[in-house]
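The structures come next, written out as structure tokens.
Below, chain A partners chain B and then partners chain C, in two separate complexes.
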Partner chain A sequence: MSSNAFNALRRTPRWSRATAATVLWLLLWWLLAATAAVPYLPSPLAQAENLIGNSPAYLLAAGATLVRAVIGFAIGAALGILLPIVLGYWSATRYVLDALADLTRTIPGIALLPIFLLWFGTGDGTAVALVAAATSFIVIVVSASSIRNVDPIYLRAASALGGAGLQGYLLVVTPAMLPGVLGGLRVALAAALPWAIAGEYLGAQNGLGYILWNSLQSVNLRQMISVAIVASLIVALLDLAMRAGGARVTAWAQTAEGR
Partner chain B sequence: MQEDPVISVEGVSHFFHKAGHSTEVLHDISFAVSKGEFVSVIGTSGSGKSTLLYMMAGFLNPTAGSVKHHGEIITKPNPDRGIVFQSDAVFPWMSVQHNVEFGPRMKGISKSERRRIAQDYLARVGLTGSEKLLPRQLSGGMRKRVDVARTFANRPEVLLMDESFGALDVQTKERLQTELLQLWEAERTTAIFVTHDIEESILLADRVVILRGSPGTVVGEITVPFPRPRTADIKRTPEFQQLRRDLTDLLAGSD
Partner chain C sequence: MRGMPEWIKQALAWIVVVGAIVATWIILDLTGAVSSDRLPPLTDVISAAGREAEDLPIAVLATAGRVAAGFVIGAVVGVFIALLSHLSTVASELLAPPIHLLRSFPPFVVAPFIILWFGLSVQAPIVFAATVTAFVVVIDSGEALRVVRREYPQAAQALGAGHVSRAMLIDTPAIIPAIAGGLRVALVGAVNAVLLYEMLTGTEGVGDLLIRGYQLFRIDTLFFAVIVAILLSLLLDRILVLLLNRATHWSRG
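== the complex of A and B ==
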């Protein structure tokens, strides 16, 4: 039995609840900064001043990081989808694929950072490679399982229509496995930006990670928080784009009634 | 028999192995199908009739005996032997038109010719206008029609059907049976139709092969005397009903 207050709360539109929540968080922030309960915490006003005042610089840096993240994501996603598709064709290599999926599932990406730094040095390479590796690890795992779940009836139907062998397999499996990979791609894309920042942290000459490294050197907390805010905004936008794009490509998979 | 059979099943027995345990599903099956014949294989569940059809399609090879196409042992699938499954096999990521064009596309037929073929067969199953739709936008019966059109559009020499209308409701099934009769009348493809529906087997086929038991064995073959072209009206005739009773008895084992 709900109370009247709870019912009233449920009936308010979502945007007004979100606004109210945001205001409450801002008030809490202001309180924590004003009372110095959290050391070095800037007030929301000072933070906004830093963010808006330096927005061109932040946007430029965000752009650089975004480019690295998207390129790395594209490489990792392509590898993570194509490799399992190819490996999944022959029964011998299918074992390799399963072993690969199990292996990559357990490697923590952060362990690769020093290795990539050695290989690619400072600069774009490390950030892109880190994103590509982290992305491919996620995508390989979901691709392997998605391929395994493709209904064999499609392959049989294709072979009875003349689409046998590798050609038939590619024509069937590639589209059939994509809906199952979508969730993994969204997770990987959301992680791509943080990985790019991590890669930039020790290497790059520009980008959000570079600013972050600078902020640590100069103990500039406002800058750090601004970077965090900008990064989350970009991740949110990327996720929106991925959802819209992904929905379009896999529209055919939405089950209709009675299926 | 004037000429060699198109499909011949010779002494086929088959075992399935599961966790060190062997089950015989077919025992010493032999029969033949001539060119242009429509043969129905009926059997109770567990009699291995779908397994037999899969062997004709080339999806599996019999443990003993052989299934031959024009005297050559069938080892793998081939577009000369088209198949319509019971469950939905229409590719959900392709439009109706692209589905029907799939076989011709595999054969390397030109784009304009493929389109013409697809439109021809879609018209024959009453789906003109649905070319650009995705399968998820169609009802089960319409998707089955796409499947049938797709299989016929590839002009297979042999048509295999695995309880193809089994998942449809009664009215849709009856409509599709009539449409299949009309489509088949025009093509006269050698056909083998597996079903457990006795009336369906009599309505569609020239000859009915009866499988019974587990493992399934051939307990009889009955010629269906109705002339072609046929309509569903024959179901009301006393001859049809008598044939239905005979087949029911044969299936039940009271011969």
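== the complex of A and C ==
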């Protein structure tokens, strides 16, 4: 492409370039479907029809998965924040916290799925427990690193002002670790839905994972793509909500940094 | 604890963590707080290890091989896509929609698509692991490339380096320290992907050992398989950290 063409491309508004790129990808999709280059792939139009036509069923399934994801996330987040706060109090147990974070970072959460299946059967419990375990692993790692990064000068200042011991620790460390922990909670919340779906493949009677697994058995690629689109949209919405909420809660930290 | 070398403190901390887990397990078993059909006695798990000893090396090697192959392919493809998007305006515009989509695409959703298109083939779990790895690496590399110091590529180009040599000799090494954390996350993602595939399809490997333990109600085998999966993931992570430390020693100078 000549430099004139490059300059012309750069001058076009960003939204029109993004639209053109999206249209090109849709054209490629249509071409792949029309030539049957990808087995079972429907055309974009047939896909849209499936998504819109069955949207009540998808929304119902998404609701079930979302409930499991949110309950599991709440349990995982509470565990992932409280355990590091307790272990971070004494300097000796801070090493234990680091070892625990190192271990949880590498645990493949999916290996726990058969144990939860055995304990909770094919109800809500399996997916909830899997989400709780996987999200707590993420939050423990981030909380441990946030506690490690709290500047000791804050603790010394609190101690000088009479806030020594556990009270001073909680008053200083809890808010100081918040900006870091919120980043981890965002990652954990985005991971909660995929983990709930993984839990539903073998351990549920409804939900997005259940539909996805059944669609595979009946070779219904349209339904599989629709579920993937719905799941992506929910993850994007959860991330947006978490960003908005996080920005409000940590506004003080940004103000302090700006000073 | 004061005056004790750092590595001894870290080793002691690991012993405390593992010891606490084992102690809790033994207490729960001895007090009968959890029944043995939910939490097997530690001795039963050791017996299961003896029973599975013959087939275990093959299962572990099969899973580790799939993870390693998928991870390497996914990391290379991920860095390549990020470089392409960084170095070419046209590629950047074209790749923007799928990369944007990747940010919120749930990786485990890929599993049924892989099974549909690749079935029970040798490459299926590798493709799955590669896809999960590439998801993480594309995003991380893209963000790392944005903060690479401009002087390096400019100096390379002034010395006559083309796009390919710049990408190979400047951009790629420059982003490795920044994506090291992401690569470790991607490796665990690849382990999860391979285990999930093996569990869903019954393909020989640690995932199959896990699901067999569940399906046959052999809870001792199941717990043994979980321990194997965790140890395998830990081992692969340590190898990656070792390789990353070697590859990024220059950045700590």
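Keep in mind that, in the parts below, the second predicted complex is superposed on the first by the 246 of 259 C-alpha atoms of A that agree within 3 Å, B and C clash if a C-alpha of one lies under 4 Å from a C-alpha of the other, contacts with A are read in each partner's own complex, and residues count from 1 in each chain.
Everything that follows uses one rule, which is that a residue touches a chain if its C-beta (ideal position, glycine included) is under 8 Å from a C-beta of that chain, and two chains touch if they have at least 3 such contacts.
In this text, all values refer to a predicted model and were calculated from it rather than measured experimentally.
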Taking the superposition on A as described, I'd like to know which of chain B and chain C A:140 touches: first, second, both or neither. neither
A:17 contacts which: chain B (first), chain C (second), both, neither? second
Contact-wise, after the overlay, does A:77 reach chain B, chain C, both or neither (first, second, both, neither)? neither
In the superposed arrangement, does A:153 touch chain B (first), chain C (second), both or neither? first
Would you sort A:164 into first (chain B), second (chain C), both or neither based on which partner it touches? first
Contacts of A:172 with chain B and chain C, given as first, second, both or neither: first
In the overlay, answer first, second, both or neither for which of chain B and chain C A:96 touches. second
More chain A residues in contact [chain B versus chain C]: C
Which of the two partners, first being chain B and second being chain C, lies in contact with A:185: first, second, both, or neither? neither
Please report the chain A residues shared by its interface with chain B and its interface with chain C. none
Of chain A, residues touching chain B in the complex: 153-154, 156-164, 167-168, 172, 175-176, 251-256, 258-259
Spell out the part of chain B that touches chain A in their complex, as residue ranges. 57-59, 76-79, 81-83, 85, 87-89, 91-94, 102-103, 106-107, 134-137, 139-140, 150-151, 154, 160
Which stretch or stretches of chain A touch chain C in the complex? 1, 6, 9-10, 17-18, 20-22, 24-25, 38-40, 91-92, 95-96, 98-100, 102-103, 105-115, 117-119, 190, 193-195, 197-198, 201-202, 209, 212-213, 215-216, 219, 221, 224, 227-228, 231-233, 235-236, 239
Which positions of chain C touch chain A when the two form their complex? 1, 9-10, 12-14, 16-17, 38, 89-90, 93-94, 96-98, 101, 103-109, 111-113, 115-117, 184, 188, 191-192, 195-196, 199-200, 206, 210-211, 213-214, 217, 219, 222-223, 225-226, 229-230, 233-234, 237
